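First chain A sits with chain B, and in the next complex the same chain sits with chain C.
Now for the complex of A and B:
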């Protein structure tokens, strides 16, 4: 798993096939508190299972989710539509016009190339030095000394290996395509037997008949494509006499023609079969004949060159024209693929959720509706883990290599039968206080079948509003509250330390009894509660059989806890609280036009790995 | 802006020195060529970090009668709230060029200034030779950024990545592998916190404002 523990994934509801996105009603009907999403989940009567194969497609980190303010729903990459705003080269960051994209096939047409062997960007080098050394006698030194070539600074591949050089360091793509076209297909040189003949007289193939090479024998990709398109075009025009391509809907005759399609009276006409299109049969029609001799030669060559001379599948697929490329000498520099900026729309209501500026170098945006601004951020960490990553506290670098992983608690080794306490913190991005209800299936399993008991000690709590930082400091009542909270937290800590000093586990157990139903700590817009996890070594037989079928992989022991989060809050009836006036007027206004809203979603905490007993 | 080596507020015997502008520089960091290094403030240089400010561009020697001191060559400039974790090496990028001197080919190494912007996190044991690193870049552990690569804003570099020389990494991308290639896109909410520095939970995220994290380092 790429992400280090503990992580939080949010589930986008769009995967639920029983409630397709288009069918999901806007959940926040103002009056009914138990409205759509909760009800739907209850109706389904099942809890979300992070182990189900489908779960992979619905879980996302919070940063990747958008929020449609029209539908009041989370929107994931699956339920947004993307529109391309601009194309640009990732290497030179120049924007490419859509016409040039069409013409040149999504490649950078400047000087950007990638190494065909290792994908690193190639650099243009002049071979002045080498030439000037050897040009003591050569009279053509002056013209040769200005030759350029592409070379890879990472793997030292150079275009000189395939005898490719350039006259000027500018406009390399143009020179590259010219070079590509002028060079005949490598394969057409060695085999001079026309493949048809080779097929007819296979015995003579070993003693090649000297013939002028037929130009059609091994067409390049461009030639092949041109022939095939020309052939197919004639075929279409020959056979498709009653084509519907040229229908003019305004003319009554074509309308009747169209209507005849559906009219049973025109059976006769329908029975009349159109002439069939035939396949390409000659080489000038684009037929490519299997060349056995060439294949034999290639096999010979593989023997000769060995493994190092052949190319990998990824190298081959990266090539612009991957047909007939088998050896490292066939590799060509790859013009850099363009990337694009995209805007995102909600699939249901088509409103724009995200629109960046079109300039490639700009990171600004015009519209950005993030789930981060509407959905509380939930985070989990072990209670006894340090807040500041240990990597930053210690001065010894080797002791703690990973900043997020090693925080004084080993998430990769959750011990069975030992209750581990985690702190679940929910921070509220909204400008209104929120009532939160958490729910979790009591037992969550790892893929290997290790069941763990999960208990949220305080499933219902309130989270303060995300007000201005200064409000809290200036408002005396909130300050008192804060003091109260602080005192509570202190007492909780006291109970923690006053428990049996011998073992930490017992002390934590003592806290659990004391704190059940109470929040652990809270602040301006966040609240933390304790979650107790007891990995249990009882193995679920069904899961075991599943994993023993060879499905066992490294992530089988990862414990993921699904948690259902439901939040209720009251917000301004109009606007989503973005038009904030100063305190007195806005609070008065709010009292008048409050609206009860609610939000509900599943999320999954990746807690860690469960080790064996 | 203040020089790293000057203006220490108090000579406490802590593990690090905090400058007037809030830079936290570990005593055990190896800083050479300090006059060529600029720290933007609230920047953390951890123990065993090597800052090679001495590898600056060699200016052509001035005439003796000029009267001025040698010009300052900025070789490394680091922005605000940037964290360089323990064991990393920050070295200005160089390029080797060949030149003909008296009929013989001579290799010359040129060093270029490097710029690291604000809110950049550089993980432990990295080697950085980039020409430019944009804002809100998160570099994982053990990465190598080879000479003259350019990292734009909002980029995540996965641990143990080797970014080849001259590579440009565009904004909003995730790169990984050796050599580095773009393996994904960052979410649209990269680096956004939930509007708070929530008490005892961490008030920072990868790629976000690192001020809270800098403050938390003690």
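Now for the complex of A and C:
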């Protein structure tokens, strides 16, 4: 698991409201009931199923979410719009202009390349030349001549393996692009072959047609493309330029018309008529007859070079021109992809949620409305392994079986039929106290169909405001509250520990009774409640029919608990996010202009893996 | 444009059979210039240098969306900027970085029960029943955003999209595709271009027999003057090849660990299988495939002496060693199945109509064409699609087709007769049995004989009655035969559908099917003009979108009518 247990995901509700298709007027889809989505609508009452394949697209770690203070809603990458502020190379941090970005396909045009075999950045190395290059360059032999090549510090790939070296350590990209640009016959206008003689005489399939030997045997991709577009372009420009609306170059009677076209005397006439195009007929026009010999050679090469001589799918996908490549000798260094700094806007109200400073080296932000600052952070810990506040630990007798029995809790081994207690802690980032209601479906399933009973012992509670620590210390009223809470917590603990001092089974029963409706502990802006999880090895029969019963798949045994969180709070009436930043906010708050606000969302706790079936 | 082309009006029935050629009036169409598919737009800056042909205020995006991959790039470039897949790693949650963890590729993911092989790697299925279209949308949305944010880096200039997509894409999926493209790129217009025509464009031809060996299906499309005039499909495609390959690898793996039978630990993952197919699979040539095993042993040159190739699959416990000749077996059984004959078994499996072997698929498509079109297309065969890159496949296909033509000529009366139904029924069971039989054969081979004899047993070296011969048996006695026209065949290289779309957009060629943003978003596909369904219905008043810029500006929406062209059902 990429995220180690336990983890929390938050669900952005935009999937239900702002999917592209839902923006389209309804009558576009035939109302075929069988093709209707499984989850019809997920209103608050409906259960959100984290196992559904769609869930993966709407769940995010809290750090990845933004919050729109206009719409009062979570915003995920899907319901934000991005605008590019600047382009830069992640390797050399050079900022690129947007025109250069377009022209060079979004690649670094300095010296940054990635290794074609392992994608690590390549370094430019110099190689002393043994022989003097003086006669070539016309300079004196005393001038030290170097050759440069790219090499990978990680896997030792070197551009020398594909006979690629450079004259200068500067402007490697420029030299690189020149390396493969060899289109000798492009400059010359495609020859005007008369259509009748252009058709090559094909032979039998068993002795397939070969292209007559040409100086460039098999065109590279770029050559092929360049020739064909050049040809088509001349075809278009040779035909009419005025009456394009009528141009119909797809007529089969093109041959006669084409004859007219190439006959200067009838050129004018051709201009009046719809002009016609013919198809490419020669290699320098972009027609490449398949070289079947080449295919057979390739088979021999595969046989000869085996697995290691061929390139992998991921290497292929890195290549800029992945067509027609098969062997490691076909690999080319990959100019580094540029990345962007972007600002993000709310898709609904268009207000800016996120704007970084444009300098590549800067990590600062002008605007940053993180969900972290608006949405309570929920976390789950096994009761013993939880980061129990130090005060709490001292207050619990060390002999308590609840603490000792589960030291070093293993989230990857939840035992079936054994009740496990977890601490669900909710911490409030807001400057107002919130009332929280939690709801859970009661039964959670793993993908393999193992059901677990989930009980939140205290589903309704309050969480204190995220006031300044000093504020709290100085304000007597909060201090009183705190003291009161502390007392409550102690009494709860006492009940719990006294209950668990008896036999284990009774202890659990005792815990449930003792804790029902009571919070476990709380602090300035956080509250913890207890969640009891009992994995039950009875496999839900419907799991089979849902075809989600796999055979030892990677996440089949993961237990995830969906929890619906609803919070209510009173904020000051003009409670914009921006206003909050003002110093006046607190005073406005004290003036008592309050507004009732509500926030509701699903989140999913990854509890652990259920074992021992 | 004097009249509406057939292209607009042709109705594609749900059952995916094309109307007979006579209805398409090909010969008639051929005589008159009436195909406005490729008319140029009115931009005055058409003929400048390649990258300068754009109006600087517009951005031209080219997308090709298939079952497995999204290819995205900008017009006038020779390769797409990115090829993104829809595999399981693309369906992970944000913040789930396990695919980057060392050793991830060594873990084998098992297929979920009820899922077909590789299904978790597909964006959609052509059969939209039981398909969660919202999930399709989720996947598509994520892929489009990644393409834009990582590779295209589009800014806020107005955008046009050329969307290259299968012409048989069901309308609900098309609708989803369009709405997501509009959503992701804020484009004002989307031009739809059928895959087969895009492949034709990128080959330099205007007419071609496009053999697209895709993931779920192989389609053979006759394109004549940039029009699709006939199409046949077979499920013998890359997915099938993958399954056959996975079986081969599982058997080899079991063999290597000394087991009798392959179990689930031997089964390679889809990723491993694909890796293997792209790296090592090859296709026998015609002569080798049709030689009896004994002979082939004799003629086997030293050059072809069977060597073992080591196959280090990332998820396998050990490196497999597979005879090179075996590496061609999956291709053989997928695309060129030869009925196995074993006394204890039923009559050999024959292909039902969805499972035609490739040579037969080509042949039947050609057979449905008028003579003059057919002879044009024989010289213009294009192989594209993910499955077409297997070395040796194209020459083999041409040779098989050639043999078929020599054998059967162009006899249109020949048909499958009533036996076809019986065979269709049996085909499904037979396919399973065949797979089992192959496993047996390979196990036998594993028991003691060399790789070559394994090839002989399952690779179709014996000469059972071929499908051709079977068909001949079914032939009606009274059928006429025409004079033999010796088949001359030629394969032409295409740079693929995406490049076709790039060229198409670069040259400012206007497509027939242009979808305007505002109209689509307000009315969906329902705003498409009711396609005429049958020829003759659509008059000249329907045409404007093909030839004028009227539909581009967004001012004249009220007047113009757009149609879904061949996507309209």
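The criterion applied here is as follows: the second predicted complex is superposed on the first by the 414 of 613 C-alpha atoms of A that agree within 3 Å, B and C clash if a C-alpha of one lies under 4 Å from a C-alpha of the other, contacts with A are read in each partner's own complex, and residues count from 1 in each chain.
Rule of thumb we're sticking to: a residue touches a chain if its C-beta (ideal position, glycine included) is under 8 Å from a C-beta of that chain, and two chains touch if they have at least 3 such contacts.
Bear in mind that the values here come from a model prediction, so they are computed numbers and not experimental data.
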Partner chain(s) touched by A:428 [first = chain B, second = chain C, both, neither]: first
A:368 touches, of chain B and chain C: first, second, both or neither? first
Contacts of A:524 with chain B and chain C, given as first, second, both or neither: first
Touch count on chain A, higher of chain B and chain C: C
Partner chain in contact with A:64 - chain B first, chain C second, else both or neither: both
Touched partner set for A:228, first chain B, second chain C, both or neither: second
Which superposed partner A:379 touches (first chain B, second chain C, both, neither): first
Which superposed partner A:289 touches (first chain B, second chain C, both, neither): second
Partner chain in contact with A:93 - chain B first, chain C second, else both or neither: first
Contact residues of chain A, present in both the chain B and the chain C interface: 2, 60-61, 63-64
Residue ranges of chain B in contact with chain A within the complex: 15, 26, 28, 44, 46-48, 83, 85-87, 98, 100, 105, 123-125, 141-142, 146, 152-154, 158-159, 162, 164-173, 179, 181-182, 186-190, 192-196, 198-202, 213, 216-218
Footprint of chain B on chain A - complex, ascending: 2, 60-66, 88, 90-93, 118-121, 123, 128-129, 132-133, 152-155, 339, 344, 354, 360-361, 363, 365, 368, 370-373, 376-377, 379, 381, 387-388, 391-398, 401-403, 423, 425, 427-429, 466, 469, 521-526, 528
Chain A - residues contacting chain C, complex: 1-3, 9, 15, 19-21, 23-30, 32, 34-35, 37-39, 53-54, 56-61, 63-64, 76-78, 82-84, 87, 98, 101-103, 105-106, 199, 202-206, 208-209, 221-222, 224-226, 228-229, 231-233, 236-237, 241, 244-253, 274, 276-280, 285-290, 292, 295-296, 298-300, 302-303, 306-307, 310-313, 316-317, 320-323, 326, 337-338, 340, 342, 544, 547-554
